[in-house]
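Scroll down for the structure; my scribbles are underneath it.
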Amino acid sequence: MEDKCGVIGVKLNSGHAAFPTYYGLYALQHRGQESAGIVSFDGFKQHTKKGLGLIGEVFKEDDLKQLTGPSAIGHVRYPTYGSINKKTVHPFNVNTRQGFLALGHNGNITNAESLRKDLEKVGHVFTTDTDTEVLVHELARNLIKADLVQAIKQTIERTQGAYSTTLIYNGKVVGFRDPRGIRPLCIGELDDGYMVASESVALDVVGGKFLRDVKPGELVILEETGLESRRITEKTPAHCFFEYIYFARPDSNIEGRSVYKVRRKLGELLYDNHGVATDLVSPVPDSGRAFAAGYAEAGNIEYIESMMKNRYVGRTFIMPSQETRERAVRLKLNPIEPNIKGKKIMIIDDSIVRGTTSKQLIDSLRDNGAEEVHVRIGAPPITSPCNLGVNMASEEELMASKKSVSEIKNAIGADSLEYLSLEEISEALDIPKNNLCTGCVTGNYPIK
Amino acid sequence: MEDKCGVIGVKLNSGHAAFPTYYGLYALQHRGQESAGIVSFDGFKQHTKKGLGLIGEVFKEDDLKQLTGPSAIGHVRYPTYGSINKKTVHPFNVNTRQGFLALGHNGNITNAESLRKDLEKVGHVFTTDTDTEVLVHELARNLIKADLVQAIKQTIERTQGAYSTTLIYNGKVVGFRDPRGIRPLCIGELDDGYMVASESVALDVVGGKFLRDVKPGELVILEETGLESRRITEKTPAHCFFEYIYFARPDSNIEGRSVYKVRRKLGELLYDNHGVATDLVSPVPDSGRAFAAGYAEAGNIEYIESMMKNRYVGRTFIMPSQETRERAVRLKLNPIEPNIKGKKIMIIDDSIVRGTTSKQLIDSLRDNGAEEVHVRIGAPPITSPCNLGVNMASEEELMASKKSVSEIKNAIGADSLEYLSLEEISEALDIPKNNLCTGCVTGNYPIK
Amino acid sequence: MEDKCGVIGVKLNSGHAAFPTYYGLYALQHRGQESAGIVSFDGFKQHTKKGLGLIGEVFKEDDLKQLTGPSAIGHVRYPTYGSINKKTVHPFNVNTRQGFLALGHNGNITNAESLRKDLEKVGHVFTTDTDTEVLVHELARNLIKADLVQAIKQTIERTQGAYSTTLIYNGKVVGFRDPRGIRPLCIGELDDGYMVASESVALDVVGGKFLRDVKPGELVILEETGLESRRITEKTPAHCFFEYIYFARPDSNIEGRSVYKVRRKLGELLYDNHGVATDLVSPVPDSGRAFAAGYAEAGNIEYIESMMKNRYVGRTFIMPSQETRERAVRLKLNPIEPNIKGKKIMIIDDSIVRGTTSKQLIDSLRDNGAEEVHVRIGAPPITSPCNLGVNMASEEELMASKKSVSEIKNAIGADSLEYLSLEEISEALDIPKNNLCTGCVTGNYPIK
Amino acid sequence: MEDKCGVIGVKLNSGHAAFPTYYGLYALQHRGQESAGIVSFDGFKQHTKKGLGLIGEVFKEDDLKQLTGPSAIGHVRYPTYGSINKKTVHPFNVNTRQGFLALGHNGNITNAESLRKDLEKVGHVFTTDTDTEVLVHELARNLIKADLVQAIKQTIERTQGAYSTTLIYNGKVVGFRDPRGIRPLCIGELDDGYMVASESVALDVVGGKFLRDVKPGELVILEETGLESRRITEKTPAHCFFEYIYFARPDSNIEGRSVYKVRRKLGELLYDNHGVATDLVSPVPDSGRAFAAGYAEAGNIEYIESMMKNRYVGRTFIMPSQETRERAVRLKLNPIEPNIKGKKIMIIDDSIVRGTTSKQLIDSLRDNGAEEVHVRIGAPPITSPCNLGVNMASEEELMASKKSVSEIKNAIGADSLEYLSLEEISEALDIPKNNLCTGCVTGNYPIK
């Protein structure tokens, strides 16, 4: 389960906007590890550096130095298996009649195909199959007869889906968010300018001050003299609640809520409403930690790590066909036998997607002598794939799309299994259910 | 002095058109060493492989295997110092409303800037600053309302400059040439299909049979069943005569003339009209060889190589600042002292551009004991830069733009120096002067 | 503070020993990230693959397939800044009169310089400045007149320092440990053979069964039919206690002790003997976690993560000179403000080396509103550099070499600071002090 | 057919010896394209840069700057298919008891195996399978008890084969040549020091003055104050005559003879003793040119190039299995049809090795309409492989090892074929036959 992207926009009064953009991208690297890019504008010319790989692989010191100018946007992109190549690295930049335009977004445009067809009818040609290129062309088309604010307004009116976007247009830096605010985007003040970013941690690392989230359907222009804002449309919000549960960093702040505190609160609810007596509670590292600490605190149960994560097992790992899957799991998550043997264990995780890892993990705990293994999940069962910016799994692959909770419990071999309900999520977040995007757990998407 | 590009188009009845395209590109590598690309079409999908570097660096065996289908075009590009990057590698390919389109050309579109502005006015955006992207967009625009032949016709009518082009459009392979036929393009028959290529040597290496040159302003569609041709426009031809003198390979055949024979004939004219008594005649390797052999034959003068070319001294060669320029010349062209000492030498070259190399070469020959050094050039003095597809030098850098022949002789330190006249060129080629592009030696360009 | 290396040796009855070696190395990657290598023997020929970088970068699937044979050794090496290059990647392999010999070790040979001089006197020449090459030559020299066991015996008698070693010699796989057992080395049984490895986690990931540690001064030959062991010498052991505190993985087992449990016990002692009243206890991630959980449990104090580690900030991170150091710390460790503000915080770490990070961390916590910041360290102050296989810092750089605990507390800005004593370490480990190497905290080294 | 290596040694009074070494290597690149290396000594430390590939690929500007000091040696190595890897790149450098030693040679040590065994008996171990490592160890061993001159003397006395060597030992630069002088080595004076090099062209490119060849069995130490020379042994010389015919550059001078002039003279002998009436004479480019020019001059026959060499077809060229070999030949050597059609042609080449290329070439000429194709070879038939430093072919692969001249003529499809005799070679060179190594054409090797 991977989030699609992270975006940044920076406008300084003077100096080199690429540097805060670069540090900000480091703080958003968890949102996309496939590729990274920065575009800056020096008042006269646009500079671009993009590449496949992690930020540390893409940018060398010389690259940063050549990204001159007080305006910049940045982008990190997630690993997918379709069309990974240099051409699809963002931001996507083009020359238009009126000047330089570059743009990156986080999300997924659901009517990209029909927008593209409309544009092709009037002669547009496309060099990639990305929705971002469609968004750029649509905006460029609207810019022929309208100013930037009007053109973005027209673009938002014609574009469906989730899109938290930053763009740079002749040096102007703009952030805008789709009318339902599905993906996050926030604004901060720097010593000498402003930043928009997918998560508040990007502000933290450059010493910025969090101001507020960009509102759904709002457009913010970062000016040297301050922020100019326009609320383009107002629809019922549909914030992705999995940002709180899994995608965002624990140290981020979204819509006024500490992600860490939300997770801890959900852990407390897991104990209060779904707890059983065990000798200890253990997180699935790293994502289960805040939940497990909350559970431990609420139940006054011993918190102990029962497995060790190997951070070096990545995509280049070679698994010969004859090896059992079980081995791969032990390479990634090795049980700490003395913490397990003869114990009743509660395992806390944020979600179950395909279920295979959960099964192997539980087998491995039992092999190491666990007496009982109970599982609690800090979210409802995922039954439907996301089409709004998350790379999940197909419907057939989602374990909960076909199995009841009791069947899942049996399939993964747990002694007991419980999930949080949507109501509990809504309670912990203090956001009404109908202001959340719940497509992946209900099948009811805010956008067709 | 570098030619801009080489192009190829192949249509087979069946099989893998990328293979003959690849071999053909090898035969055209001298026309462009910056980058190479092939696009093929398999009846359903377009496949592309492009990259910076020589053909041998860009294409691996797996790449060729994946370029499936009976239609393909290929391109090699010259080394320039402006915008070398992956995005500007040709062929340039896009998706249009009607399907896949990829295109590469050899030449220079002189009204690209104004065409681009027209396209931007109706919403087109551009990802590069190349004239090729403009050509693709212009053609795509015309394709909205017209069929392929009509759309190319409209494109040719709006496009000024030199452009020998191959394109692939939903599997159709097309070659066309600008109305004056400035850059070469020829047609050949393969065992199982057809090929268009910048030079006939590309046909030779795949066992093809040379049919004829594409006519100025002609469009040729390679069909499985044969060739379909349309003469779009007819203007006075303006063939680049430097193709015969320098750019094309000696083993190529252009407009019915053997390049080697033309050069040899020019060498004979150099002796007949400009000869002096010397002990021997020597070419500047490699380009002066055919001229020098003609001179030697006409004058019954001993042909002998008086300098050795080092083929390994390329762009990566490191020249510390304190080293004299003279050293670099000796690394590239080392005199063979026993062939020089005490001799009166006639040196034959195809052209003088900046004059610095000529001077150092003559100095070096004198240092090795040459008694006299005479120079004959197989072309008129170059006085104006080319704007139709050749990377020459700026006007200030062209030695002959400011100096008379006698001043050049003194500047390079020759005992005598003579050039061929345009009339002699016309005579050797048997082409009337007004059917040649003579911009670089007269300043009168066929296109403003 | 970096451990020098990890070693592995595998002998199977049949099959491909390189595969378990490869998986085992993944489990030991934390012991060395500079380079990795595997040498196998197929009964006739030795195969080698070594390279700079992480395991995933060094070994491709084809490499593993070509490392055929039932015998193999592997090695990972730490990042240093002296002589990193391809030549110094281990295992070090040579051809001797009697056959192929390859060897890797974990530790540091303190009399390498004098051994090298002796060997040079009789004509040996060296291609690197590593102690490993000296060890190989010394062993090869002894092999002229002795069998393998005798030659290793003679080598151990002449060699001083810490050296847990695996070697392959004409297909025989051997592990041996220096007479004091300074660095760890253990033995396990596989389905179809045996393994020696620096840590027991390497056994876990290949489904092996931990048998026992190799004894100090013991040599173990892995035979197809079982293990052959020789105790070469017996001296007072001097196990490195920092293996328990920092170097080894929490899920490893050393000398019969669970590393995780030791750390948790040390955390309990920190509370029992050094605790103060705070609102919460937080680890410095990742190494402080087990200590902090023990502290929390012993004192029934809330365990909460107060900072988030960014795993992507690595060696390629670019820090412009004008940026403050404080920024780099926030990129690596970002405070979670809602967990900090207005709180009295206890921070648990395993050690303080230079002290700069501690100071910046505490500053950063105070900036985020911490009311009090107390620090407890799970080890005694480090006053002297290690010369037995750990890359620490020079004596001047070690904060505790010149400052008292109270001075360190002031320098880093803590409200209180306490360390564990050597006695507490000894108690938690249940190992007498004089059976531990305590050089780095007392200056009394077991070897001159 | 490839020569094994090129060597250089430079000693300056002051400054950076790596620069003239680097330029000199460029002039010797034809002697080895697999790898290149330079070792310098700055009075205190040795610096090394070696790598696989051409000189331009191995050395970057920074590398050269770091190769400080007034002493340096350099090496280029040939492409082989056995053990190409980073470890076998020369010069080979080691640390000995007395200091730094690095060494490279051109040739082949025929008793390397037995020398290696002797050294292994006294404890030496080897990291490669090269004869160069054996030579280094042998010399290092002799250095234990002897000074440098004595140690080299002892080494030469024990070492059989061909070895033109340069070495650097604690900053002293030495060149020496095997007792029969099989491979070339010459001495030159620079503005500020001395150089030894495989060929005189290396002197030319740095403005050096050719002094003389190193004598067979002579050792030359380059001192700041001049040259110190010792004649170690005196045996009957056995110079490789193929250096004149093929390996050396035409602009080189060996043993007082211009290589170009020798080739031209051999071309004249080909006409005088083996000529027939043809319309023209053509070289196989590039190596046949000087021979063909001599033939043309002697016979007053028209010299004309009848085929064009494609310099871009290298090792990376992809040849699909279904393609005929004939195609590959046309890619490398394309006939110039108008020079061939209806003509009786004399083709001049320096040698025939396997004969396959000759056959395809002749076929291709006939396909292009040649009326007659005669072939003359500037050397005797090669009947035996070289074991003294040339990578030729196995005996079975050598066409002349099994076929008479008349059979070869038929096999390659020539109308006539004649070779030069050894007597003619001896005459042209003005060197007695018994002072030449004639192993490859007689099977009588100077060394067993």
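Letters A, B, C and D mark the chains as written, and numbering starts fresh at 1 in each.
Assume a residue touches a chain if its C-beta (ideal position, glycine included) is under 8 Å from a C-beta of that chain, and two chains touch if they have at least 3 such contacts.
Quick caveat, the model's predicted, so the values are computed rather than measured.
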item	value
Higher-contact pair (C-beta pairs counted), A-B versus A-C	A-C
Centre-to-centre distance between chain B and chain A (centres being mean Cα positions), rounded to whole Å	51
Computed distance of Cα centres, chain C from chain A, in Å	36
Sequence positions of chain A contacting 2 or more other chains	none
Contacting chain pairs - touch in the sense defined above	A-B, A-C, B-D, C-D
Residue ranges of chain C touching chain D (in the complex, touch as defined)	86-87, 93-97, 101, 117, 119-127, 129, 136-137, 140-141, 144
Contacting residues of chain B [partner chain D, same complex]	19, 22-23, 26-27, 29-30, 54-57, 59-61, 64, 201, 204-207, 249-251, 253, 258, 260-261, 264, 289-290, 293, 296-297, 302-305, 307-308, 310-318, 320, 323, 327, 330-331, 334-339
